[in-house]
Amino acid sequence: MLTLNRVSRRYGETIALDGVDFVVPENTYMSLLGASGSGKTTLLRLIAGFEEPDQGEISINGARIDGQPSHLRDIGFVFQNFALFPHLTVFENVAFGLRHRVNAPVKNEKEIKERTDNALELVGLEGFGHRAVSAISGGQRQRVALARTLVTEPRIVLLDEPLGALDANLRSRMCDELKAIRERLKVSFLHVTGSETEALMMGDKVAVLADGKIVQTGAPDTLFAEPLNAASARHMNAWNIFDASLCAGPVGQGAIAVRFDQIDISATGQAPETRPHLKAKYLTGEFNGPTALSFFRAEDGTLLQIIDHLSQPRLPDLVEGESYDLHFAPDAVRQFHGAA
Amino acid sequence: MESRILRPTLAIYSGIFLLFLYGPMIVLAILSFQSADGGPQFPIREWSTYWYQHLLGLAETSRVSQLPVGDSLIRSIILAFMTTVVSTILGVMSAEAFRTKFKGSGPAFYLIILGMMVPGVLVGLGMALLSNTLGISRAWFGTSFVLHVVYTYPFAFLVLLAIFNRFDRTVEEASMSLGVSPAQTFRRVTFPIIFPGVLSAMLFSFTLSYDEFSRTLFTAGRELTLPLAIYGTFSVEIYPNLFAFGVLTTLFSFTLLVIYGLLMKRFTSKASRFKGQEEG
Amino acid sequence: MTTLSTDTPSDTSLSPAQLREKKDRRRAITLLTPGLLWMALFMVLPMIMVVYVSFWTQTTFTVESTLTTASWERFLSSSTYLGAIWTTLRIWAIVLIATIVVGYPVALFIGLFVRNKTLQTALLVACVIPFWTSFLIRVIAWRPMLGTEGAINAILMQLGIINEPLTFLLFSEFSVLVGMTQIYVVFMVGPITFMLGRIDPSVIEAARDLGASFGTIFRRIILPLSLPGVMVGAIFVSVMVLGEFATAASLSGRKVNLLGNIIVSQVGSLKWAFAAVAGVVLTIIITAVIALALRLVDLRKEM
């Protein structure tokens, strides 16, 4: 179990992490979702020991690891750019840790070969061992990077936007594979990403990092359906967040959120009395295949989005520049305390 | 369009410039094939390899004394080798140090760079004075050697600094995350990747030291290095044997250059960096 | 909860980040120490020695550490030596200008007009290759070129342009200037080409599309962007020319006496204190030149 306790990191005046409390349980695929600049890479670098925190404690199974040199932490790290050793073959890249590590290096060539071949097989690269790392594709490099880390059997594997350098097709295939590999090895993965779909799809649990703090941790479906605060709702990219005072109806006060797919539209003044509603101007629509996205501007300038699923259309024909009443069920509203 | 006139003009000018650079050496090379009774100027009385034989001590006794190149050549090569080793090690260490930000890095940078700026005749004089005062005898492997390093170390340092500027730090972090110590990481990852730079630094150091003489002039003591032996002939009349020597030493340098090129090619083809991503 | 901490008690007040920073800094300084020590012992100390000895007492064949300004007085009152300062500065200025004038168009051609990368590299290599020839051999190579029976005179006589060989070509200030320009011009071509190579060709094309003439483009874009290269080249050429003596010794027939030649001849006659005075004067001149240049360009940024 990896535990972060009030971990902070500053770069001069910039605060990257501000008292992060965070737990990665055993045998878990944990996604960490954060926008660029939210400090998510910093968090991984602190755990791996490439940098040290200004405050707070990092421990694995109760033993502090902050202050330890990174090569003694026994934590795997998969880089966004893969960071393969350009002067070594695929096989030697994977065997590198076994051969040269400080703790229990493997001297027996036969064992090295066996374990390296197993790791290559695990990531689906049997027979690629002799290749130069410059002679394989991006997806294959990603696998080499993964095999290189997994072969050393680290206590936890940190993945820094591991799919960021891959194209869309490859990304979804690697998602499935990463999950399957992890389940076979029963080691915890901490996967950092800026994409909410990736985070929700991959994670047994998902944590949201915003403004240097973990704002919510939970199962993907819980997080998606019941964000606890505006920040984590914003990261799901599925919630309209606006001020309750814009609405007529029983919605409480302060910032509220309603999911893109839970808002209906009527002509002005036609909204059902029982449902909270607000007036907004239709800006434009975006057609995404199975779904269509419509953009509205509320009276205070807030941008609102509504998703319509083509199989069950529920929106009327909209005219750009016209105002409509947007309404939703009272129980669709999520009320947040504090500022939006 | 001006470039229609400008481009050919500049091209022709650049051709003349290359002639200016190479002309004297070409003339020198031609004159090195002067006959035994010919002087160090035109016309060529008869084409011959007499002066090459003379240089290598194969010619019958002649009016011209042989150039003292034998021992001095060996000294120069040993000196250049020692200088190369020390300045490359110092260069790698310093460039590695400059990857970390630290206070006083500015002055430290300029102190190192000063080594290639200070005229050789000045440090040479200073070193001669210092060794006189301290009672240390001057020798090519002592006083000259340390000055050669003062001169070549900044070059090695700059070459490696440039290499480290383009160095991707994450490969070192990857190595450490695999449990490999910083020392082993340097040996197994950093060093192999910067090796082309190390090779360049070595080439620089060797050729600069091999050819260096203003720093050697006051500090070499009795035993001469090769450039000093050549410098000694400046004051007396010159003969085509000097030209023959010039041709041979140039060929020697080119051999070095070719070896360097081959080593470089081997290493860069082996360690070619990631080239874009393709589907797999 | 067990704590794994190897910190010494005095360090407990520091955060792990500060400890890491301290460790990294200590490592950097450890790595740098041998090099800096080398420079301090074998460069700075000798230079201090030169200044120190310039105030020693010179007897016929030895120096004594009794302090005096006699050598300085003799140097500054001698028209020969003051003349050497003037000669050094004159030769430096002429060679510096000559390398810029001769080298700039070549750099312009290689850096801007040659689009093919391979050809560009080949041309640069062609400029650098002469460096793999011994410096002294390159100097001496001018003798059969410029001598009264040398190549130039031979060609000019053949062509019937002259009847008598030109005698000013060799063993004159002219031959020193030509030799130095040829040897050092590459240090000007290199940095300028490097800077020009950095210019995005589309910028120039855009300017041309907007109707700018080459003169305007040169003045507004090319020249300003290449100036740092000129400065870096000027620093290289300056320090090398100011410290020169071999070219003058072998090509001027003792007609050109630079400060470097003074030092060599004084050391030859064991006039150490006097050589030291010349050394200090030379140091002052070079320091002034470099200081001036560094005010105009940040060397560390350009490298």
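Order of writing sets the labels: A, B and C. Residues in every chain begin at 1.
We adopt the following convention: contacts are C-beta pairs under 8 Å (C-beta built on N, C-alpha and C of every residue); 3 or more make two chains touch, one makes a residue touch a chain.
Just so you know, these numbers come straight off a predicted model, no measurement behind them.
Chemist: Examine which chains touch each other and state the graph shape they make (line, ring, star, complete, other).
Modeler: Graph shape here is complete: every pair of chains touches.
Chemist: Taking each chain's centre as the mean of its CA atoms, which one is farthest from the centre of chain B?
Modeler: A
Chemist: From the mean C-alpha coordinate of chain A to that of chain C, what's the distance rounded to whole Å?
Modeler: Measuring from centre to centre gives 56 Å for this pair.
Chemist: In whole angstrom, how far does the Cα centroid of chain A sit from the Cα centroid of chain B?
Modeler: A distance of 54 Å separates the two centres.
Chemist: Could you tell me the distance, in whole angstrom, between the mean C-alpha positions of chain B and chain C?
Modeler: Spacing between the chain centres: roughly 16 Å.
Chemist: Note the residues in chain A that touch 2 or more other chains, in rising order.
Modeler: If we look for residues of chain A contacting two or more partner chains, we find none.
Chemist: If we count contacts the way the header does, which residues on chain B are in touch with chain A in the complex?
Modeler: 168, 170-171, 173-182, 184-185, 188-189, 192-193, 270-275, 277-280
Chemist: Across the complex, what residues on chain C touch chain A?
Modeler: Contact set of chain C toward chain A: 1-7, 15-20.
Chemist: Write out the stretch or stretches of chain C touching chain B in their complex.
Modeler: 24-25, 27-29, 31-32, 34-36, 38-50, 53, 102, 105-106, 108-110, 113, 123, 126-127, 130-138, 140-145, 147, 149-151, 154, 182, 185-186, 213-215, 235, 239-240, 242-246, 249-250, 260, 263-264, 267, 272, 275-276, 279, 282-283, 286, 290, 299-300, 303
Chemist: Residue numbers of chain A touching chain B in their complex, please.
Modeler: Per the stated touch rule, the residues are 48-50, 69-77, 79, 81-87, 96-97, 100-103, 132-134, 136-141, 145, 148-149, 152, 154, 165-167, 169-170.
Chemist: Using the touch definition from the top, list the residues of chain B that touch chain C in their complex.
Modeler: 2-3, 6-7, 10-11, 13-14, 17-18, 20-25, 27-28, 31, 39-43, 90-91, 93-94, 96-100, 102, 106, 108-115, 117-123, 125-130, 132-133, 146-147, 149-150, 153, 157-158, 161-162, 207, 211, 213-214, 217-218, 227, 230-231, 234-235, 238, 242-243, 245-246, 249-250, 253-254, 256-257
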